[in-house]
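Chain nomenclature is as follows: A, B, C and D, assigned in order of appearance, with residue numbering initiated at 1 for each chain independently.
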């Protein structure tokens, strides 16, 4: 799919909690076909500390209105500036970037596992799978019940299992502590979240012989394969997280 | 007067024409006494190209509401960003900075001469003089009638003479072409505007033996006398435009 | 119509805008964004005889108006280049230049000898300034004797246009420029990155796996411009200006200071279309000033 | 309570935060903003034997995340200093340090001998790195032999703490640091400004009257930090980090890299209260990390 540099307009900027917001962006052009796992590089204007673009996964797509959503956690100056964008403001995107999650055959048992803002790409992935007749289950981990975002959106995809670290909702503990992982076996796990969480999930998958794909968040400069800053150590040598990834099968990673 | 670093709140941002706007700023503190000719250094947030503060003359003061106004022309990224400030936004000022115009004795005949956004300090100066029983006249020069700003404010000080370069209002030509300069003699001329204009006015004053003060707009880094970047060549050697000025008597300048 | 073409030795450029090594991949990464053949030239990513896997992640840190990188010349080596890249880049209707790297003089020479066989490469850029590899690279660019030796050795096997890329991490850039000129280089390009560093205060450790890395972007532009100006006044061969060029105005600073051409680097990460926009901007500037030929403004401030 | 005091040779600082020469005037310009005695020390503006009027206007140009200056050591000379400034600055309850400049070794020595008479000056900072004066200044900082000579000469007449301020415009900063150490300097401060340049494209002429000037501000921080780290690993005497420090986080990068103290420069132009805010920020950082003494984090990344 041809990469583009394009101005989008902010349609909505919705704050979900103190840290997380959803940017809904629309373009006057026709959206190209987007694949779950892909991301866009956003140019953050008006933020003197933000020199480079910032990468964000595509969280949701609506081809009818040529809109996409990003679910973004405030991590520093760039995301803070984005959190203040108002409806009607313009935003420059380089997109679509990166590879995508592998969509398995029908009748596979699938778990989408996400923690914190790592749930971002899983909504698009889940909707995409569902529209193709797959029946993913979701396992989402949050710090506490106040951090739980977009629960009903995820519920529309399939059964949702929850963990909170303080036990205020769902099962108490980390995502990998959830009983579903002991009680069920999956063919494929798709995971995105903080690296320690992804490594724990990868460990579970290794032990249980489950196929596992993760979406990495390596630091990026360009986002389209020219700077070689975003490399990941794999069994095939150093690969670029922005073009060969961000989605990797954990059996290829040197974790 | 002690210098301060203080946050002001934007009360109003009024666009006067395509280039010029008025920022009305208010502070929760009690305003110190301000003198005409003084300026403030504004910190421009959210403008990656604007590293240093930007100096602007005090255009008007209202002690009752602890508000000041700046009349600002869009000259580059910093002023463009300021032009977009919205009511309620915060702005950090270092102020009051610089010396001030000399207020002459009663019964002096006084002309305030300003061109373009150089008229900014003259409103404060005119009001100040008027409140002390002086009767300044004003001579304002603009490119064309669309650039004429705040005419009625200036009229409230005293008689206003106008020039426009295209002759669309007032007398046609540059400020120094105005007939008032041939028809009347002044004891004091106070001038602010583009340097060529100020030099022309200074020339007129030299020829006619008129006392003349100008407000210079030299490039500044600090604004309070520590960097020595803003120097002006004077008969007393190099002086700092930010502490020894911005107001200079033209007889002291090496023009 | 303003004339935009310039010459770097025997190499004609349709305009003075090229793209810098390591920031433009092999060009094809930009095919989606614009027609690469519009450029005056492209410098391909740093190439070595053998494949190199570069430095460990993290290799990048953002800094005020700039970035540090510690890529360390990751590339698949000349064989892969010859078989897989060369056929593709040969199709561009612009000057395709290889950035030549090595850990020893023999390395550099061997690589130049291999590239001589590739007729669609009109020039090489001899990189004696890479700060990100332990062996070689910058050592050649910061030691006058080594610089002279490696330039001489490569010159003797490379008959086409030879550009020598200098390191800014030196006391006197003009010393190195003169050496390059004396040894028969056709042009000098500068600057490569400034050696810099950043620390992650929260985690109390260096931001880069290699501790130090190369600083690029607008932050370095004043230093780059100064060195280009000094160099243009010190040698007669053309100087190619590099460092922090984001806009046409930035590029024009280099031309006015005496650069015969420029390279766009880090800017391409932020706006992949930077290089073409810069060509347009230079054209517009000349039109506005009613200057008919870009060569007229080269070195303007030195007249 | 965390301990913030550090030592530079025999000089005790109540905290590691000082202000850089040429960016803090004589201190009194900041009296309105905060109590100058809260600082670890202040370095007064560059002083010479005779009065100097500096370079013509324009002397300043803004650059990406930085600025160029070409002030050229404007000051009223040592007589004026002794009579008019010294009595005022003596009142501060902090280390008041004079930045010593000259065009010849005799100049430097004569000035040091004059300052010895001023008992409230615990240290001088020998500036062998000013890029903005034609004669002297940077030549001492970029030539190892001259550097050694001038340091040796000043050391022989100055018994108190001697800080040598190095120029970053060199190939090997550690060479100069070692020379300073060998010649008995008590500390090294770095960096002075990087030599840079800017051109006003609209008017087609250099932005500074002197064409080139000194680059300061966050743009130079990665280079400064790298040099401080290299130097701290090369010498045993304390290193004072300078260059683009705006915030406590920036200052902490230098401490973690091995600086025993830091100086705040250009930041004071943008926020006159920067230096005190940095002290507060360092304190808070240590408290958050439950580190009781700032000396514990000095050189942390080198352990």
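Definition applied: contacts are C-beta pairs under 8 Å (C-beta built on N, C-alpha and C of every residue); 3 or more make two chains touch, one makes a residue touch a chain.
Predicted, not measured: the structure shown is a model, and the values here were computed from it.
A.B. asks: Chains touching chain A and chain C alike, please list them.
C.D. replies: Joint contacts: the list comes back empty.
A.B. asks: Specify the chain most distant from chain D by Cα centroid.
C.D. replies: So the chain farthest away from chain D turns out to be A.
A.B. asks: From the C-alpha centre of chain C to that of chain D, how far is it in Å?
C.D. replies: Distance between chain centres: 34 Å.
A.B. asks: Could you please state the distance in Å, as a whole number, between where the Cα atoms of chain A are centred and where those of chain B are centred?
C.D. replies: Computed value for the inter-centroid distance: 54 Å.
A.B. asks: What's the distance between the Cα centroids of chain A and chain D, rounded to whole Å?
C.D. replies: About 47 Å, centre to centre.
A.B. asks: Which parts of chain B, given as residue numbers and ranges, touch two or more other chains?
C.D. replies: Counting only residues that touch two or more other chains, chain B contributes 48.
A.B. asks: What are the residues of chain C that contact at least two other chains?
C.D. replies: In chain C, the residues touching two or more other chains are 63-66, 217.
A.B. asks: Select the category (line, ring, star, complete, other) that matches the graph of chains linked by touching.
C.D. replies: Here the contact pattern is a ring, one closed loop where every chain has two partners.
A.B. asks: Throw together a list of every chain pair that touches.
C.D. replies: Pairwise, the chains that meet the contact rule are A-B, A-C, B-D, C-D.
A.B. asks: Using the touch definition up top, name the residues of chain A that touch chain B in the complex.
C.D. replies: So the residues of chain A in touch with chain B come to 46-48, 81.
A.B. asks: State the interface residues of chain D toward chain B in the complex, per the touch definition above.
C.D. replies: Result: residues 22-25, 29-30, 32-33, 45, 53-54, 56-67, 69, 71, 74, 217, 266, 268-273 of chain D touch chain B.
A.B. asks: Which of the residues in chain C come into contact with chain D in the complex?
C.D. replies: Touch residues, chain C against chain D: 63-66, 68, 142, 169-172, 194-199, 201, 204-206, 211-212, 215, 217-223, 225-226, 229, 244, 249, 252-253, 256-257, 285, 297, 300-301.
A.B. asks: Note which residues of chain A are touching chain C in the complex, please.
C.D. replies: 2-5, 43, 49-53, 92, 94, 218-233, 237-238
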